[in-house]
Amino acid sequence: MTADDLKELDAQLADRSVTRRPTVPALEERLFRPIPCLDHGFVRVVDYMGDDSAVVQAARVSYGKGTKTATDDRGLIRYLMRHRHTTPLEMCELKLHVKLPIFVARQWIRHRTANVNEYSARYSIMDREFYLPRPEDLARQSTNNKQGRGDVLDAETAEDVLRLLRRDHEQAYDTYEKLIDDGLARELARMNLSVGFYTQWYWKVDLHNLLHFLALRIDPHAQYEIRVYGEAIAEAVKAWVPHCWEAFEDYRLRSFNLSGPMLGVVRRMLAGEDVSVANSGLSKREWTELMEAVQPSSSEAGR
Amino acid sequence: MTADDLKELDAQLADRSVTRRPTVPALEERLFRPIPCLDHGFVRVVDYMGDDSAVVQAARVSYGKGTKTATDDRGLIRYLMRHRHTTPLEMCELKLHVKLPIFVARQWIRHRTANVNEYSARYSIMDREFYLPRPEDLARQSTNNKQGRGDVLDAETAEDVLRLLRRDHEQAYDTYEKLIDDGLARELARMNLSVGFYTQWYWKVDLHNLLHFLALRIDPHAQYEIRVYGEAIAEAVKAWVPHCWEAFEDYRLRSFNLSGPMLGVVRRMLAGEDVSVANSGLSKREWTELMEAVQPSSSEAGR
Amino acid sequence: MTADDLKELDAQLADRSVTRRPTVPALEERLFRPIPCLDHGFVRVVDYMGDDSAVVQAARVSYGKGTKTATDDRGLIRYLMRHRHTTPLEMCELKLHVKLPIFVARQWIRHRTANVNEYSARYSIMDREFYLPRPEDLARQSTNNKQGRGDVLDAETAEDVLRLLRRDHEQAYDTYEKLIDDGLARELARMNLSVGFYTQWYWKVDLHNLLHFLALRIDPHAQYEIRVYGEAIAEAVKAWVPHCWEAFEDYRLRSFNLSGPMLGVVRRMLAGEDVSVANSGLSKREWTELMEAVQPSSSEAGR
Amino acid sequence: MTADDLKELDAQLADRSVTRRPTVPALEERLFRPIPCLDHGFVRVVDYMGDDSAVVQAARVSYGKGTKTATDDRGLIRYLMRHRHTTPLEMCELKLHVKLPIFVARQWIRHRTANVNEYSARYSIMDREFYLPRPEDLARQSTNNKQGRGDVLDAETAEDVLRLLRRDHEQAYDTYEKLIDDGLARELARMNLSVGFYTQWYWKVDLHNLLHFLALRIDPHAQYEIRVYGEAIAEAVKAWVPHCWEAFEDYRLRSFNLSGPMLGVVRRMLAGEDVSVANSGLSKREWTELMEAVQPSSSEAGR
């Protein structure tokens, strides 16, 4: 961060006022502070609306006099999450300032129900900041998953890869700088920069859509580079709405969806039948997914 | 339907042209024909875009050269549905003309990702058409579910209820008619009509959002009156995109979502442990939901 | 409001905490206080995110180093509004608690980009509260506008109308109460209630979509009953984001959109030509709209 | 296009079937045929739903018996467009297959109300195809518009710029190819490719949102490279829904929005007053915008 940025940050941290709005001290502490992501990126929470109680409040207007009874807040939130009654979650809102490589931004923006203001390379000059993976994050193309990574590269190959990436990115930026200096329009010169360069944006989203984003983006199948951001945001969400987060973990993150055919297999197994892939009626792939989820040895949820 | 309506319908059914667009003969046959719903309502498909192949085509552009290999269309659609890769489903679109009671319309409109044009009671005069349940659909408030029905009313009470409903609706319409005749603005006079009166609209939605609508609205927990419409639409969808529908049934409708804690219980049971509600760590409600889903005797999926 | 409601309101008003978030004292003062609308309704602001500066902050991230220069906040907001650069407005969010007649709710819900939790008549029992217009709001059907009101009814007719409306609403509620007492499911009994009965909801929306809502709903062509709510909200918005509101008034509310053909007419007139409806090339309707907007005598903006 | 692509295209063009759906011969002719855009890109219409009559049909359900009278289709569409009654336009849908540079895709995707399936560089290998502007499209940064182009570069500089762009893009792709060959995961290797490389997607949108997209993207302020796509799509829309397009041109594209203050100035001028920037109450910038729009010499609409 530049000196100017730090000055602005200090000002934000120092500024306090009195409000009647629901306030979450655990999130106030984190407000504005950048959480580093990858080599030059960050996520920072810059504003929020609502808390666990706001979810409950909205649910109770729906249920009206029907639920003025016992259920406590935590229980009600768990009920909502279990039954996918998600509209009360939309009553909370989070605003983030994010600095991220363009290829991560391209995955992120696919979540359409959010508000975005991105740095414009038509108006402004891009910085010489691009993402270079750590050697331990340089992995081979997965052999069994067309969309994923397998083994980590050996040290020598990794070094070679990084040398090439650095060379091309530096050269691309040198050219960009020269084109700008020669007077070429910014909107044209930026064409030379790779999707590894950093951009930044303000991103605002409601809690329901944020949890959906996190479910997809902290999943092991998500690309590592966006997962880093997902996990940083998850920490903030945990501090902000702890009951919602707990319920989300139990009913979404650690849950396993049994398809109709899988459910049939589980029933047969519980009835003592000896079910194998051959007589299960499942495809081999589904059988494997099921076994990984339900076998006693499995240490983790099935996602 | 009035004579005018029938004439228009005949014209629509007779009109044929040649197209290069994907065409589904099984849906063409049903096009424009009203499927009766409740006592005066209907659903009719008035246009569609895409078919099972359009879903596959869109998925393949994502996977590009990565999947030019074996997987057949049905298999790919099942894969998409199982892993909730839902964007290719958005490439199909259905347009319906629906006549429905206002209270059903009020539930329906909560699905925001759709296009709607509704009959306007500000511009136009409402018809004397209101919904009266059949005696066998008149049920008591459920005792264990605040949002549902229990036993059917006995014949005498049912008759009494229907008499009152009919009396009030007829009177409300008489008054409405008188107010209109006296010159009161339509937008004011309609205030006297109950949410049992029929309205109508054109409703257009993509297949992903339509399936989400159906998952909620043909669920046994949905109010009977909207379920009737859901089931009528489901028949049309089945004719339109049979592979998508089959996958939707297997992976959504008949599926059961095991929460993290439930998954733990299933693992213990499969390992031969004798698990009871007491040592399960589940709430009583969750235990019951789980048992209903996985016990050998259960004849149906747990949704 | 019931004693319980008042107690809750007092608690909300008394509760204060310290926050680092942008805070707007002028809106804090209004927080939670119901603004009465129609005979039994209200709007109250229950939460907000952002302020004028948040709009500027989001715009500046887009323009980046390109605008670190002069333009002050007010000027930048006016520029954004004039050129319909609306995404920075999405960075502010308002949450309202609204009590409103069902027919107003049915118009309101057509604005899809918002979050809603409504009182459920499936779960809960509706109150005996329905809207009765004041005599001076009882108007005749407009003769030149199919969707509007004309002259106010004479006192006697008005009294007659109100008598009928009250009679039918009271009877409808009596029946509703009886059906509930007889054990009929709430989701069925509510069918007897008219669209004049009050419902309530929490409604959360971003500033861009809120201004769009207000542009349509405080327009003289909007139905009076929703306009009342629009105007109450407008007052809150004015207190919350005064620069945005001022720009919205100048560039949206008081603006007039000259179509291509109208623009041609204005040019000819300014060049001294004597243009009449006959040689204008405009339809009679467009000519009238244009004259009403630009003639010196017109005292008001053209919307 | 590859031989495979051409074969597929031929198959699509040859395939014809009979349908009862609204069909537009002028668009059928264009179906599937790529319209070239930039050096390697294209747009092609792959499906559509609805036509001018579908807009009218949806509008008429709103107006119901209120408009069974005279107004012809063209007049009704013009009325809808003039008064921004845009929901009936949502009843038409267009599906495009587009090949475009990544930086154009990044602007395009900001239009959120659309369905997208994009080629995935995680699954698949990118082609050696990148955008190089024609020399006459290489312009200097505008001096009076931070987000735009000014004069075209002289021939020598242009040549120099193109040499650098080509060199860096070729080298970036060579590196990409090497990294893939060395086994690096695709999702990592693609990081080296610039935003000038081509991607492709299926993009589906309703007519209302499409016209909004076009209003922004064929505007002279839009970046040239996306305008090329906008104009190609505009031609297809004109063939598809000619009445909607004509109304869109008159009431949106060629229209000029007079702000409240501008409207006051026009009134004073029409009343014969001699208004100058000094006594107009407008900022210098707004005055210029107004004069450019309304002065007799102005040959074009003011957008």
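The letters A, B, C and D name the chains in turn, as written, and every chain counts its residues from 1.
The rule is short, and it goes like this: a contact is a pair of C-beta atoms (placed from the backbone, for glycine too) under 8 Å apart; a residue touches a chain by one contact, two chains touch by 3 or more.
Quantities reported herein were computed from a predicted structural model and do not represent experimental measurements.
Ranking every chain by how far its Cα centroid lies from the centroid of chain D, the top place goes to B.
Of the two chain pairs examined here, C-D and A-D, the one linked by more C-beta pairs in contact is A-D. Taking shared numbers over all numbers used, the chain A to chain B interface scores over half, which places it in the same class. Each chain gets one centre point, the mean of its Cα atoms, and the points for chain B and chain D are 35 Å apart. Taking the mean of the C-alpha atoms as each chain's centre, chain A and chain D sit 31 Å apart. Shown for chain B are the residues in touch with two or more other chains, namely 63, 66-67, 87, 110, 116, 120, 123, 146-147.
Against chain D, in their complex, chain C makes its touches with residues 63, 66-67, 82, 87, 110, 146-147, 249-251, 253-263, 266-271, 286, 293-296, 298, 301-302.
Those residues of chain C that touch chain A in the complex are listed here as 12-13, 15-23, 25, 28, 31-32, 47-50, 54, 57-59, 61-67, 87-88, 90-91, 93, 95, 97, 115-120, 123-125, 200-202, 204, 206.
Interface residues of chain C, counted against chain B in their complex, comprise 101-103, 106, 109-110, 112-113, 116, 120-123, 131, 133, 138-142, 146-150, 153, 157, 160-161, 164-165, 168-169, 171-172, 175, 178-180, 182-188, 190-196, 223.
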